[in-house]
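First chain written, first letter: the chains are A, B, C and D, and each begins at residue 1.
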Amino acid sequence: MTILESEAGPATARQIGRERIAAIVQSYGAAIVLVILLVFGSIAFPTFLSVSNFTNIATQSSFLMIIAVGMTFVILTGGIDLSVGSVYALGGVLAAYGSAWGLFGAFALPLVVCGLIGVLQGALVAYGKMAPFIVTLAGLLGVRGLVLAVTDGGSATPLIADRAVVFLGQGDVLGLRLPVFFALAAVVIGSILLSRSRGGQAVLAVGGSESAATLMGLPVARVTFTVYVISGLCAGLAGTLNAAYSSSGVPTVGVGLELSAISAVVIGGTLLSGGRGNLIGTLAGVLLLTVIQNLINQVGSLTSSVQAVVSGTFLAIVVIIQTVLSRTQRL
Amino acid sequence: LTGCTNTGTSGSGSTGGSTDTAQTAQAASGPTCDLATYGGEKLDLKNAVVGFSQSEKEDNPFRIAETQSIKDEAAKIGVKKLITTNAQSTLSKQISDIQDMISQGAQALIVAPLNSDGLEPALSAAKAKKIPVITIDRKLSSGACDTYVSFLGSNFVEQGKRAADQLIKGTSGKGNIAILLGSSGNGVTTDRTKGFVDEIAAKGPDLKIVAQQTGDFARDKGQSVTEQLLQSNPDISVIYAENDEMGLGAQAAIIAAGKTPGKDIQIYSIDGTKNAVEQIVAGAYNGVIESNPRFGPLAFKTLQSFESGDKVGQDIIIEDSEYDPSNAKDKVDSAF
Amino acid sequence: MESPLTDDPPVLEARGVTKRFAGVTALDNVNFELRAGESLALMGENGAGKSTLIKVLTGVYQPDEGEIRLGGAVVTFARPLDAQKAGVSTIYQEVNLVPLMSVAQNIYIGREPRTRLGLIDFKRMYADARALLDTYGIDVDVRRPLRSLALGVQQMVALARAVSINAKVVIMDEPTSSLEAREVETLFSVIGLLRQQGIAIVYVSHRMDEIYRVCDRATVLRDGKVVHVGALDALPRMELVSLMLGRTIESSDRGGVTAFGSDNTSDAPPVLVAEDLSRRHQIDGIDITIKPGEVVGLGGLLGSGRSETLKAMAGVMQLDRGSVQIDGKTVRSGSVPAAIRAGIVMLPEDRKAEGIVPGLSVRDNIVLAALPRLSKAGFSSRRNQDAVVDVFMKRLHIKASGPDQIVSELSGGNQQKVMIARWLAMSPKVLLLDEPTRGIDVGAKAEVQALIDELAGEGLAIVLVSSEVEEVVEGSGRVIVLRDGEVETVLTGAQVDEEHLLAALAGDAGEAAEDPRTHDAQTDADAPTSVTDSRGERA
Amino acid sequence: MSQATVTITLPRRGTALGIMQRYGVYIAIAALLIYNLIFTPNFFELDNFRTQFVQVVPVMIVALGMALVIGTEGIDLSVGAVMALAAAVIPLYIGYGLIPAAILAIVVGAVVGVINGSMVAFIGVQPIVATLSLMVAGRGIALLIANEQLRSVTDPGVLSLGRGSLFEGEAFRIPYAVIVAAVLVVIVALLVNRTTFGKQLIAIGGSRRAAELAGLPVKRILLLTYVLCAALAAIAGIIGTARLGASVPSTLGNLIELSAITAVVVGGTPLTGGQVKVGGTVAGALLLQFITATLVKHDVPDAYSQITQAVIILLAVYIQRGRAAVR
């Protein structure tokens, strides 16, 4: 059956090469924009290119990064988790309360509770077949209420006295704060899970086509359920580390954090409809957001309104560039 | 579906442009702080880089006046560079802002903390570089002269208490009160509520608090909450709003309900914005406790004397005036 | 009706299964049995309930009444996974794979080979996938995302996946609807292998030839009821068709060939002139001229660029070079609205992704393109719509509970008719049909073919793409044969027959006599079809 | 269904469950009304209902636009910022009278819609981030336009839009704001159900690819949808300003995007697009309003009020979950 030979024209090799470059550009659009921004910052501001500034950026990004890891998993299934900001606050507050029982309490209490919130939301989405947007929107509201409820209407700020807990938030190794290592670990573990485990492949398949995944015999509901649990745990962990970092569980933190996390994930090249994306992109997305903020601070004289205009415009430009870079892959 | 933000603390609207009335400190007393104790070198602010970290958006008169007064004073003294940042009500951003300013070479910091706790990483970074930090308008719960030099600001509990006193006087101690709370979880809300409620309990036996609902420091929320409350609770006779904006929203609601603000239903609030004080003059508002935002001169004066080696007070509580029908007309120009 | 060959219990069995959807009883007390090693045809016209029965058998739907037995024991498949685990592997009617994932991932998802650390062993997975596809003569880069492949290739991937799962039963719901004659042969050899291993096959197809070649027995459904069960060799085609349709059709076995393909060509000037249609890596310098009333077939193998050519003319694809003219006026390239305004419409190949709007009603789907014409000042007129919808639902015999039924609830064939109706409602000058009879039952197919002829008779110019050689040959007055995106030859007049077409497809007149159907997959393992990487991604 | 998609089959129309699913929002509203009838003093009074209807107006108008955008499988987070922009513009041009100022405010809103729509339709940016950037920047611009200040608006036209009623003084007087909202509801309902544009918009949400191949002007329709949404948000901003008697760009419309989205979804429009339920959206907005009213009137502390809202929203969506798409 040699009817059809591959008589590919001479353009083939070049074409393949170009396709490959295009694929790289498409997957790492955010990282490329990040590099551009870093170069720009270094040229424009003498105080930008410094070790202390970069370690600051690393620390500042780490909490959002951990949340964004969970968010990436959720978005890859085609879902969304709006509750992360509130869960983050709850995690912090509970970590502070839990630190009365030392390191174990400071981690176990928030992780168990935030994990349970993930379980509840995941169950409603996966088994209750409710729209994730609404479930987690209710989560955003309800969990914030819970935070207020456990802090006496928000008037109490529990403090962390335990040295070991505080060390996990503030201690530094090689000039980097410990939360940075947690964030890196989250990225690495998350990446391996996503690209090298059956579960991760299932996440991509569910997001790529839920009906196909079902018909191919994947446990769609279980996969969907799990990502919300992961997201709850990630947000809880980020809250815990943040509380350790600032040695207090402040009930008002994390407002609007869900939008930062979602935009970081999307800027990182993950499709909101699910099925495609990676954590390296998300990492670049988180760093982009932090660097934009850092650059605004480098100017150092903008009022908050101007800052809003600048960061909104920046965001728009970044997503436009990123979209254009990765457009060829869209149908 | 609201109540999950945290915007605008002491803010409200104004028509802008007023005769600035800088703050005056109450008679100094209590512990002090100096370079020797805190650590660090003498410094002339004239050639220094100073950083100012604002906590909330400059979208309300209080924050606008506060930032402006810092900027004006910096210009007046002629500091080499003033870096300003705005945390936009996000605690982690305030930490980042302060760290960013430190790595940009700030030699002294003025911080309007978003929260009494949680700034520790930023403050310890400053401490490590022996950079003096003056906090304004909200007191930190960590140790003065250790994590920061001194605190300049109002006493929010006291403001609530004074509002209660004003209200008791204005209502002759009788009536049903509805409280419009600030944003939940905001320390200012907590303090202004505590001062007020305790004072009413102590001195107003015939005053009854019938509702406490959050108006998120926003005018529209204050208005709609008041509308709801007046509807179901027609015997409400006085409103205590934890900032002027909500008070003005309540005023609109009272008018919409066909009643006369200031007479049928009295309104008391805290802040001292021009809009509210003008309403007192017009007889449609009953009292305002001031919360003076013009920290610039006092903050730089404190910083300057600290940097030249003098002792400065750890707690510098400022004098807030108050407006009532008897003085509003004369003092309206000092409102912000 | 039962005539057991053995005493063994059937491998898979349905007893008294009833399945209702809102308003429709899709299956009505259906008894079905599949015996070990046999190949059973599941027959019935569009909407008879074949796909529904398969879904009930494999746990996609739960039966309202009745039970499923596997090897004699009652089983409940709560979801497809359970069926798969129990050894029932299925290729569903529409390709159901994950478009964004690679070919290899699609084949092995859920059972990826793993390293000792428990991580997926991509190297092995790619190699396995490569080897597996090679045995079916499919040469694709297994790392490529599935959606960059032509539909037919996707279908082969789905097939490879289903067969590579160790199964006792393999169910195939219209596996050949987008396959080329050559792939069909490959499939048949695979089926042969499976049967040798004692695996039972359920085979659904509207292509009679295939049924008679592959299957031993048939179960015929009509309106959700089993109307016949029996051996195929005792069942003449005509009778089978009558059983399916519930009426006798004199010429249905000939697919309505009688009038189909009659030459309506006049001396009128060409209505469409397409010149030098080119787009890098897809098509190169294609010229097509059609006169009113002419039916031009586009022949070619999988991936030869037939769909691409149609898309180029319909404005779906931006051209690098070349032009399309209607009545002498050039049509702006790369704009569907412009093409439609000029009178060119296209029935897309991938009905599910590009055709229907699944959530909308039959009415809304039919009038979708014609809406502006049926409206007054931007207001849509229900009366105008109903007039059109009514005409086409009757004319095309669209089987639906009414114009308000959601289109995704219709059977595949009826969805296709809805699509055709959408375009006829536009009263086009040139109709581009990409696999118009895909998934359509014999009756409907005859209707559609008759319709094509009728439309041509009315002066419509038609370009017809079909993977069924007979259909192209019978339907067209002229056949343009494409190969690797270029025109290979044009068959005219007496040349338009199967023999010439097959020869042209083979790209060598000398090999014309050699019927590719005699090949089987084994001997071809070393010479896979390869169009693979020479092509860019679909627009 | 010969397509191998997995759908939840709806129970028959007549069954109790079917009714619940179809009328989930309405049932929830009825339940709340009954609760209030029994437990809330002075609830069943015309004045009270007038208050609820007036208060719901901005959310309802924004939700109408949001429903259109969601119908195309999009989302618009910038609506609150557009309200702020409208509020900022009003006092600048109120000197020319209400109508010119309002038109200008709507035009400014529409410009935001054009930017949103262009990013989504022409560049292909995902709606949530496209509109997020305008949500951030828009309010900043509004504050800059207003010079970061709050202005009282004393124009009698504006004030009567906010506070005046038809049949003033009568028991059955109808606030002008409510009339505006009602008119907009009717217009949007007509748009969705009776016009070509509406049908095309829904088709795009149902399958963008199919709509493109059917020759619909997909990009133009998307653009127009975002413009409409923004224009509606601007109208909501004008009414919000009129009601306050002041232009407050700093807080007006804060978080309204979430309320609006909730109203739309609670009303039965799936976020996956392809459907727009105008009546449901109106009911959804009313449900949210009644929840808030009930909680405030019973002086529930903020913490518990947020939890209660979350639970009620979940319940309302849960009982009709079969209707919404799986994702």
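We adopt the following convention: a residue touches a chain if its C-beta (ideal position, glycine included) is under 8 Å from a C-beta of that chain, and two chains touch if they have at least 3 such contacts.
Values in this document were obtained by computation on a predicted structure and should not be read as measured data.
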Problem set entry | Contact-graph separation of chain B and chain C, given in steps at minimum | 2
Exercise. Taking each chain's centre as the mean of its CA atoms, how far is chain C from chain D in angstrom?
Worked result: 44
Exercise. What whole-number Å value describes the gap between the mean CA coordinates of chain B and chain D?
Worked result: 34
Exercise. Where the centres are mean C-alpha positions, what is the separation of chain A from chain D, in Å?
Worked result: 29
Problem set entry | Per-residue overlap in chain D, given as positions that touch at least 2 other chains | 4-6, 143, 148, 209, 258, 262, 301-303, 305-306, 309
For this session: Return the residues of chain A touching two or more other chains; collapse runs of consecutive numbers into ranges.
Result: 140-141, 144, 147-148, 153-154, 211-212, 214-215, 303-305, 307-308, 331
Seminar exercise, completed: Going by residue number, chain C touches two or more other chains at 60, 92, 96
Problem set entry | Pairs of chains found to touch, sorted by chain label | A-B, A-C, A-D, B-D, C-D
For this session: Spell out the residues on chain B that touch chain D in their complex, using ranges where they run on.
Result: 1-5, 7-8, 11-16, 57-61, 64, 181, 184, 210-214, 216-221, 223-225, 227-229, 231-234, 245, 248-249, 252, 255-256, 275
Problem set entry | chain A residues touching chain B - in the complex, by the definition given at the top | 47, 50, 52-53, 56, 59-60, 63, 86, 140-141, 144, 147-148, 151, 153-155, 157, 159, 169-170, 242, 245-248, 250-253, 255-256, 290, 293-294, 297-298, 300-305, 307-308
For this session: State the interface residues of chain C toward chain A in the complex, per the touch definition above.
Result: 60, 79-81, 83-85, 90, 92, 96-101, 105, 109-112, 114, 118-120, 122, 137, 139, 147, 161, 182, 280-281, 301, 483-484, 505-507, 516, 519, 523-524, 527, 529-534, 536-538
For this session: Would you pull the chain D residues touching chain C in the complex into a rising list?
Result: 1-7, 9-10, 12-13, 194-200, 202-203, 206-207, 209-217, 274-275
Problem set entry | chain A-facing residues of chain B, complex | 1, 3-6, 54, 56-59, 63, 67, 81-86, 88-93, 95-97, 99-105, 114-121, 124, 141, 183-187, 189-190, 194
